[in-house]
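Order as written gives the chain letters A, B, C, D, E and F; numbering starts at 1 within each chain.
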Amino acid sequence: MMKISDHSDKQSTEVTRAPTGIDRLDEVLRGGIPVPSLVLLLGDVGTGKSVICQQFLYKQAQMGLYSVYLCIDHPPEEVRENMRSLGWNTEKLEEEGLLKFIDLFLGRGYDYEYICSTLEKYIKESNRFVVDSISSIAFIYGEKLAYDLIQKIQGWNREGRGVGIINAVRGMHSQSFEVALQQACSNVILLEMKENGRFLRVVKTTRTSHMTEEFGVEIDEAGIRLL
Amino acid sequence: MMKISDHSDKQSTEVTRAPTGIDRLDEVLRGGIPVPSLVLLLGDVGTGKSVICQQFLYKQAQMGLYSVYLCIDHPPEEVRENMRSLGWNTEKLEEEGLLKFIDLFLGRGYDYEYICSTLEKYIKESNRFVVDSISSIAFIYGEKLAYDLIQKIQGWNREGRGVGIINAVRGMHSQSFEVALQQACSNVILLEMKENGRFLRVVKTTRTSHMTEEFGVEIDEAGIRLL
Amino acid sequence: MMKISDHSDKQSTEVTRAPTGIDRLDEVLRGGIPVPSLVLLLGDVGTGKSVICQQFLYKQAQMGLYSVYLCIDHPPEEVRENMRSLGWNTEKLEEEGLLKFIDLFLGRGYDYEYICSTLEKYIKESNRFVVDSISSIAFIYGEKLAYDLIQKIQGWNREGRGVGIINAVRGMHSQSFEVALQQACSNVILLEMKENGRFLRVVKTTRTSHMTEEFGVEIDEAGIRLL
Amino acid sequence: MMKISDHSDKQSTEVTRAPTGIDRLDEVLRGGIPVPSLVLLLGDVGTGKSVICQQFLYKQAQMGLYSVYLCIDHPPEEVRENMRSLGWNTEKLEEEGLLKFIDLFLGRGYDYEYICSTLEKYIKESNRFVVDSISSIAFIYGEKLAYDLIQKIQGWNREGRGVGIINAVRGMHSQSFEVALQQACSNVILLEMKENGRFLRVVKTTRTSHMTEEFGVEIDEAGIRLL
Amino acid sequence: MMKISDHSDKQSTEVTRAPTGIDRLDEVLRGGIPVPSLVLLLGDVGTGKSVICQQFLYKQAQMGLYSVYLCIDHPPEEVRENMRSLGWNTEKLEEEGLLKFIDLFLGRGYDYEYICSTLEKYIKESNRFVVDSISSIAFIYGEKLAYDLIQKIQGWNREGRGVGIINAVRGMHSQSFEVALQQACSNVILLEMKENGRFLRVVKTTRTSHMTEEFGVEIDEAGIRLL
Amino acid sequence: MMKISDHSDKQSTEVTRAPTGIDRLDEVLRGGIPVPSLVLLLGDVGTGKSVICQQFLYKQAQMGLYSVYLCIDHPPEEVRENMRSLGWNTEKLEEEGLLKFIDLFLGRGYDYEYICSTLEKYIKESNRFVVDSISSIAFIYGEKLAYDLIQKIQGWNREGRGVGIINAVRGMHSQSFEVALQQACSNVILLEMKENGRFLRVVKTTRTSHMTEEFGVEIDEAGIRLL
């Protein structure tokens, strides 16, 4: 699979944008995620973080962009099954090499070096990627190492000039680390579980403005929708 | 005892489900626990976590599925006694090899390697299993090692394609670890002790929807019932 | 002193019970403490934890059961003095070998191995015992070791099939350890100091039901009474 | 100076009591501090803990009892100066050997072994003693070592059968350690600084009852008075 | 590029001031930042800290002062891109040597010694500098080392007699470290994200007075403005 | 410069007092700071702690007492500049040897032993001294070492029989350490930053009474004034 160069000339002031696969969220972001970008998706357990990642990557692969799902918390076969249960059949896209699931599932006992070099390879060569999640790495290897890794991911993505989503679980870290993640990523989307449902809010963007309101989130058989 | 293959063809979109042994809870879960699954049962002291595990395993063994109770916090003879006091005589099921109580009681001083390899063996070979509890392992061996173990259990269960319940005690860990447990398990049931009684809530499911309300819990001589 | 076998046949479903020495508390427990059992007595400073232990053991020794007070926080002579000031003369019971005070007072500088082996010996050979307290052991040797010890005590008592009370001081540990203690013991009684007096509540029992209300506690020259 | 044996026959049920030097406090304690006893004086900065200790020791020395002030936080000359400024001239009592100020001031750089052996010597040989304070020892040497020391002090005082006051600063330790101190000492007096003044409350006694109300505290040129 | 000596004679009592590039903020500071000075800019994620730094440095370089941006959290090319998107073309100023972007981006894996010596060189030789940010250094290398570095930066700037802004992320550190940063810097500006927008407040100045009110902050295509 | 013996005969009951340089504060202290004394000045960032120290030392030097400013957080030249900006020209006093600024600025990288021996020398030989601040030492070298140092300073000052002010930053330490500092110093003055301004309160004195009210604080070109 060859990488597609979807960003415009460096000197241009117009910002190229990647659609998220969720129409209303693209409006909130004034047209999608700026390219290149690192997006932090920080959310409570059960708010649909992984579904957003899957929806985004499925959409991008369908658009012909080389998309990679870096599977850390759950094995690829489980991610595939979940996507299938949402009606997103990945088989064809995988055959065409537009969508890849890379197995970095921590339950396999991979060593840290292998995880890093694999992340580096796919972040640099892909157009779009998802790291799901940075939280397990921080929990097992410590928050300092994980912050260092986020900085490296930022650098690799800078070279790759693609768009990546970093998944992080709210409440699974020190408050300091959750702020540090937000500092390192140029865009931050927050997902909260409240008494009366799930809510999404864009907290930070770079090279674009954004709506600052909170939106209800609904997950059904067709994926995520903003209310 | 031979393992029974109770899951349907991988390509099917229909999700096979295991009844919990508690009728109302099956309704809350829209028909039972999806197979395969790892369920986290996270609850306050005295809310009946172990009784739910026992009721589930007794039911599954009666249905002819090979069921294993991995006894970590209390010795097997105590679990058996408690089940008998609830009217669940395990003798016949044990003789038929449908129900096993494996002694990993920490008061024996087993080493960590033995605990891990025993868990691996029974999680892979059984149809249904209970780990009671992950909390003592986290307390003694540390939360990082316990999180690593949960990831491994996830992987072993993935191979075994069965249904397992992981018991965890709310308040016995850092907040971070309790969130981490919820991140690692595809299904999460919460049990809370409040002023006016015990309450159950399903917090997270995968490949199924669920009711999000809170239900009162009653424990009597016939086991657990939802109100 | 020979140990008396006061528990009934293993196959019987009827639960044998040990009176606590406090009539109203026996009613709260629906007839006393199930035999065998480990009871956690978790209470604030100054709520009468030690008096309950002394009253229980004095009562049991008078009933002819071999009873041992494992003195960790205060030396035996101080426990005896306190019991005498409450009108419980221990001399005769000590002479008959029905009541023993074992000196494990931490101020003596005993090493940890000696403490463990002494606990093991008396927990296994006695009918009734009191560990007063686990809190000092946790404070000096760390909460992990203390939790490991509680698991061992559980196992030793399982072999001894007697009734033991573990004294623990609320607020002297991490919240996690206080929950861990409650997880390890099959019965938990909580003693709280409030603005308007001392209060007792049974939090957890196994193989019996219990009243869940809170009761006022009064200590006078005749010991503890529930209001 | 020879130690005076001021406690009655071990078999007597009557409790001998030492006056605190503060009339109203003796009433609160139903006649003074039981002999032998360890009293924890736990109080906020600036509530007069040291003044209470000095008043108590001055009174006891005047009654002819061998009294020792173990000076840890401030050098003896400073304690003497403070007592003189309150009108308590210690010279004559010091000459008669009834009052001693022992220099264990941490600013001198004494090693821990010397501190322990000196405490042991004077606690065993004196009738009355003050340790001012345990807090600095806990801060410098750690709370575990300080708790171990408190247990040893308890044992030494048991042998000495005297009355000792341990001074501790509220808020200078972990909550756990402050509870641990209260667990180790048979009597606990709390001093609080509030918006509207200083207040004293007896929290715990052994072998005696006590008033549980809170009393205002006034310090003037004649020392401490309860309101 | 030669350093310009923009401070007046040491004996003069008149304080030279550097404009911030934000007119209203200069009024709040009674005319700008006193020269020499270290300014701490402590703010929540997404409040525009980096934009203030960029605006300040762009303004100073335009005034002909040798200005250096020390890029730690993000690579120089990203800072340049962000400035360009705000209409600040840095090319000409860079060519003239008035503006430099120094690459200390942590994602490159620079070692600590290199970071320190580079900071020293440019802080001493420049007229104006920005350290963006101290927070990542504290997170990766620890807060003690970072505090030590801040003290050294203070000393280097003292020699250089210039004006430097230190960027720090609120909530990414212990409370103690955030106070320590404020203690070390002679001027402190706080940026808060609230429900109803972003707010700026000057917390501390030295050798000048300042307005103590809170001001609304607006970021648009022309940079930061105070309301 | 020879040290002046400004304290009266040891046997006198009259307490000699040093004026603070702030008239209203001397009234609050019933005539000034008792000699000898260690005063803790604990205050929030930006409440004027250093200005109080400078005002005190300037006043004392003008009265002919040998006064030393031990500069830890900021270099001497910065302290001098700040004093000059408040109209206090230190040149003449420095020439006469009445006022010294000792460079212990942590940004220089002095080692701990040098800091200690320098503090010892000047605390013993001076009449008046300021340590500005203990907080940076605690932050870099740890709170235990800093508490040990405070105890030593207490001892050195005891020998020197002078008056010293220890500056400490509220919120820059553990709560325990802030209480420990108050325990070690015989006098404590608290400075708080509130919504509506700065406030001063005397918390603790020894060998003198004091007003307990809170006073507003104003800093202008003439230094600190109480309202």
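To be clear about the criterion, a contact is a pair of C-beta atoms (placed from the backbone, for glycine too) under 8 Å apart; a residue touches a chain by one contact, two chains touch by 3 or more.
All values reported here derive from a predicted model rather than from experimental measurement.
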Quiz item: From the centre of chain F, which chain's CA centre is farthest?
Solution: B
Self-check item: Farthest chain (mean CA position) relative to chain C
Solution: E
Practice problem: Could you give the separation in Å between the centres of chain A and chain D, each centre being the mean of its C-alpha atoms? | Solution: 63
Practice problem: Please compute the C-alpha centroid of chain C, do the same for chain D, then give the distance between them in whole Å. | Solution: 31
Quiz item: From the C-alpha centre of chain B to that of chain E, how far is it in Å?
Solution: 54
Exercise. Hunt down the residues of chain E that sit against at least two other chains at once, touch-wise.
Key: none
Self-check item: Overall pattern in which the protein chains touch one another (line/ring/star/complete/other)
Solution: ring
Self-check item: Order in which chains appear around the ring, chain C first, chain D after it
Solution: C, D, F, E, A, B
Quiz item: Which residues of chain E touch chain A in the complex?
Solution: 45-46, 73-75, 77-78, 81-82, 84-85, 105-109, 133, 135-136, 139-140, 169-174
Practice problem: Report the residues of chain E in contact with chain F in the complex, numbered from low to high. | Solution: 13, 15, 144, 147-148, 151-156, 158, 175-176, 179-180, 182-184, 186, 188, 203-204, 206-207
